[in-house]
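Two complexes are shown next, each including chain A; its partner changes from chain B in the first to chain C in the second.
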Partner chain A sequence: MAPVLEIRDLQVGVDTGREVLSVLDGISLSLEPGRTIGIVGESGCGKSMTALATMGLLPDRFAITGGQILFEGEDLASMPDRQRRRLRGNALSMIFQEPMTALNPVLTVGRQIGEVLELHQGLSGHEARQRALDMLRAVQIPAPERRLDNYPHELSGGMRQRVMIAIALACRPKLIIADEPTTALDVTVQAQIFRLLRELQGETDTAIMLITHDLGAVAEMADDVAVFYAGKCIETGPVAQILQHPSHPYTQGLMVCTPTMRLGAAALAESPPALGEIAGIVPPVGRFPKACRFAPRCPLADDRCRTEDPPLRALGAAHAALCWKAEEEAFA
Partner chain B sequence: MTETLLSVEDLKVHFPLASGDVVHAVDGVTFDVARGACFGIVGESGSGKSTVARALMRLEDPTEGRITLGTDEISSLSGDRLRALRHRFQMIFQDPYSSLNPRLRAGQAVREPLDLMGLDIKGGREQWVRQCFADVGLHPDSTRLFPHQFSGGQRQRLSIARALATQPSLIVCDEPVSALDVAIQAQILNLLRRIQREKFLTFVFISHDLAVVQNICTEVAVMYLGEFVERAPTGQLYAAAKHPYTWSLMAAALTPENSRRAGERFTITGEPPSPIDPPKGCRFAGRCPFATDTCVAEKPAIRDFGGGHTVACHYAGELTPPLEELAA
Partner chain C sequence: MSRYLPALSRLAQALGLLLAVIVLNFLLIQLAPGDPVDVIVGEMGGASEEVIALMRADYGLDKPVLTQLAIYVGKVATGDFGYSYYFNQPVLTLILQRLPATILLVLSALSIAVLAGTLLGIFSARRPKGLLSHAVTIFSLAGYSAPVFWTGLMLLILFANVWPIFPVSGMTNIRGSGGPVGAVLDVAHHLVLPAVTLATIYIASYSRLARASMLEVLGADYIRTARAKGLSERRVVYGHALRNALIPVVTMVGLQFGQLFAGAVLVETVFNWPGLGRLAYESILRRDYPTLLAILFFSAVLVMVANELTDLAYRKIDPRIGGASRRRRRAKPQPKGASA
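Take a look at the complex of A and B:
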């Protein structure tokens, strides 16, 4: 199937006034209709920048400096703003982490959902309101007729996130980028939102790019995974492969430092061992190490890792890692 | 070994609103914490868990109930008499960005409680501050830096150093790792575990994350709308939880090893009701798939299931858990 989104060797830089520092370096990934890709990594690894570059919402001073972002075959990176605006909120939409700041506080939720429909689909005010009501129903908001005229502050966090999803889905987009959509929510509400996203995805065949720091969320939602570190995509593959046989030492590190809940008889075994650790912190933009960027924190790094760029090694069907050691690890 | 350090009896914290309504943030919780134990409180936003933490620290005044630390009842003290005890209980906050004064150097931030409480330390305060830095894995020379010059993880280490400075016996941790990335979270959790063991500290540990709580706590209470619905030693709770709300939290917790899909999970609907006018009967009844008329009408008693396992549910022990690991 033809991918909805194909990012090829994307480069993003930030202009500090003195020099242009590399923020994203050679990101490539592809996403088919109806599938979900999870983008994981710590803060400062470039996950959100990839999302913003795709949406054309990079902050001031940040710019795409190379590569292509192909959306249904058309390059978003080189597309004029006017054309891009026609896609955004229509075929291509985004769910943000904090619904309180992403929603307009002085417009009712009905108005905000209706707005995208009037703008992109030329609906009249009355039609848009009717569709907004349908959308509130679709995202399972109780008493939707009453909620239509509510302002964001009158809703709970979980309901606001549902409204945001309603806005994002109103025009039946081909691609949704969800940037930490449940991080601000409680776990029981998170479970509801994930279930809702999957149901709606099943109905519309929308592709989802899920940005998260939570490997548990990836296990729950994603078909494929891309692990980011210091502006590079260091491992990609099917979700089961990545979570059960991580090959890059950084991915392995993320796995061992995530506490996992043990239920039943396993919980009565001796007290849980100390968590694994990845020493040090993610290097800031402008101070990415040469050669392998993870080498200074990597327990396996040797001289070659510190002097030569690691190759992208194929480790099986659709599974690849940017690491000198990956092969030995995978077959160890 | 089982000497009780902290004892909380029927703690209530109510906040009156201008409208005349009252927010029942904490509505009667009772627990003891043994010296050297780590008592976890889990729950969702609005459950009142942070208010319990703040009441223990006397940052909120209890409306009713008693809090006893060692032999001192701290819930009724104020002014100088409270200040004289402050060095024995300290707090670590969630957000290391807002809980440190940006204009104080790191060393001063750690030293400040010693100066304010007039605590003298053998070898001098300055030397002690450097020792505290070393204890939490910060370079002693970083005492001259300002908070913004530290990373998020280092800043949380700094908060821990400040909490340790007065040599407290109790540390209340309110979501101490929630704002941190997973790799940093692991570093800080391991650090907390190590200093607790080395210094024989007692922790009250507030978190929304069941996996984190299982990793560090010896006993856990599950809080919902101002009340404890279930409480047990950690192993017992995760092996044989009996309250439907605890089940729903466990079912909703995501783990990378276990990719159960959202559709197959036990999920509850809706969101917690308002603490302004909490339901008369069981507070969870409105969201509980097992609820009956009895649940709506009558408040369930806290029942003891042995071994320190207590549950506030009319049907505890009779229901089949919707999680196969627990049913086995």
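Take a look at the complex of A and C:
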């Protein structure tokens, strides 16, 4: 199937006034309809920048400096803004991290959902209101008729995120980018939101790019995973493959850092291994190490890792890692 | 009944405040040296002790201060603001004559200031590093620093001598101007300079406030959401940002109304505008206490009315403010239904 989104060798830079620093360096991804890709990594690794670059919403002073973002075959990166605006909110839409602040406080919920329908589908005010009501039902908000005229401050965090999802889904997009959609929510609400997203995806065959630092969320939601580190995509592959056989030392480190819960007999059988950590800190933008960017923190790094760019090594169907050691590890 | 309780308590607060205004102003004026009789006698060219004592007794000025106060409060409560020592008219008549001119001046100045200031601020916020933005910043600083009477005098010189297209004194043309339409235009023509003068300083503060507020709002998460919807930059700014950016501007209107009255005293004096401000200036010079007290009283009333209106506008513009009381009202029928 033709991918709905294909990112090829994307480069994003930030202009500090003195120099242009690389924020994203050679990101490549592919996403097919109806599938979900999880993008994981620590804060500052470039996951959100990838999302914003795709939406054409990069902050001031940030710009795409190379590569392509093909959306249904058309390059978003080189598209004029007018044309991109017609897609935004329509064929591709975004769910933001902070439901508390991402909705306009002075407009009603119905207005904020209806607006995209009026804009992209040319509905009248009345029709848009009807569709907004349908959307509120679809995201399972109780008493949707009453909620239509509510303002965001009258809703709980979980409800607001449902409204955000309703806005994002209103025009039946081909691609939804969800940037940490549940980080600000209670754990119980997280599960509900994920279930809702999966259900709606099943109905519409929408592709989802899920940005998160939570491997649990990835395990629950994603078909494929891309692991980011310091502006590079260091490992990609099917979710089961990555979670069970992580090849890149950084991915392995992330797995060790994730607490696991064992119930019943397993909990009694042996004392649980101590929660791991990855030594050192993520290098800030502009101070990425040469050659392998993870080398200074990597337990396996040798001289070659510090002097030569690591190769992208295929490790099986659709599984690849950007590492000198990956192959040896995987088949050791 | 309980529905009206908030309104009633606000009314009670307002009355209490007015009483405090009356008492404080009355006592403050008593602190000033000299009394009206001194001034009148001075203008008469002197009088004997007996005549002076007679005049004091006539005006009630020989009674103890607290007795005078009690009499005054009692009279005000019945709508009697006394008789002007200087203008020889009931004070209320005098005030009602002058009040419309001042309200016209203050509201015009306020409208000019809010409209022009907000627009300038918003335009400059859209291109914070553009030429207009810098021009607004400089103009704001200059307008804000210049004293209002100086601005008035400069405009007066400019339009009296250099470029005489606006009348520089009074409210109407003495020779009259045919018909009601002509009269309105005549007043509007006279209004331009005083209103612009009074507005200048406030244009400056509104443009700065609107610029800062707009810049802050444009960086908000919900603006990014609006952009992610595919809205044009125009609709993002005017449909999503503007209303949020106006909230602090509305607050400022309420706070500044009182200052605007103070400014009106100077502007009316400079441009000979027949309003309350000039009356205040004249009655201070003449020690015309009843008039002065009544002016202070009416200014207080106007400021309170303005604050109430600001409050209403505020609720209209920001749903988060009025929301609590609205929800309470909506929730009320439920327990009733449950008990039935």
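Here is the rule we go by: the second predicted complex is superposed on the first by the 329 of 332 C-alpha atoms of A that agree within 3 Å, B and C clash if a C-alpha of one lies under 4 Å from a C-alpha of the other, contacts with A are read in each partner's own complex, and residues count from 1 in each chain.
Throughout what follows, contacts are C-beta pairs under 8 Å (C-beta built on N, C-alpha and C of every residue); 3 or more make two chains touch, one makes a residue touch a chain.
Nothing here was measured: the structure is a model prediction, and the numbers come from that model.
Once chain A is used to superpose the two complexes, chain B occupies space next to chain C without a clash. Contacts of A:Ala191 after superposition: chain B is touched, whereas chain C is not reached. After overlaying the two complexes on the shared chain, residue contacts for A:Gly122 are found with neither chain B nor chain C.
In the overlay built on the shared chain, the residue A:Ile167 is in contact with chain C alone; chain B does not reach it. More residues of chain A are in touch with B than with the other of chain B and chain C. After overlaying the two complexes on the shared chain, residue contacts for A:Gly73 are found with neither chain B nor chain C.
Once the two complexes are laid over each other on the shared chain, residue contacts for A:Glu154 go to chain C alone; chain B is not touched.
In the superposed model, A:Cys257 lies in contact with chain B only, and not with chain C. Of the two partner chains, chain C is the only one touched by A:Thr101; chain B is not. Superposition on chain A leaves chain B and chain C with their closest Cα atoms 10 Å from each other. Interface residues of chain B, counted against chain A in their complex, comprise 44-45, 151, 153, 181-187, 189-190, 193, 208-212, 214-215, 234-239, 248-263, 265, 267-271, 323, 325-326, 328. Against chain B, in their complex, chain A makes its touches with residues 42-43, 142, 156-159, 186-192, 194-195, 198-199, 213-221, 239-240, 243, 253-268, 271-272, 274-278, 281-282.
Across the complex, chain C is touched by residues 55, 57, 85-90, 93-94, 96, 98, 101-107, 115-116, 119-120, 151, 153-154, 164, 167 of chain A. Put simply, chain C touches chain A in their complex at residues 220-222, 224-232, 240, 243-244, 317-320, 323, 327.
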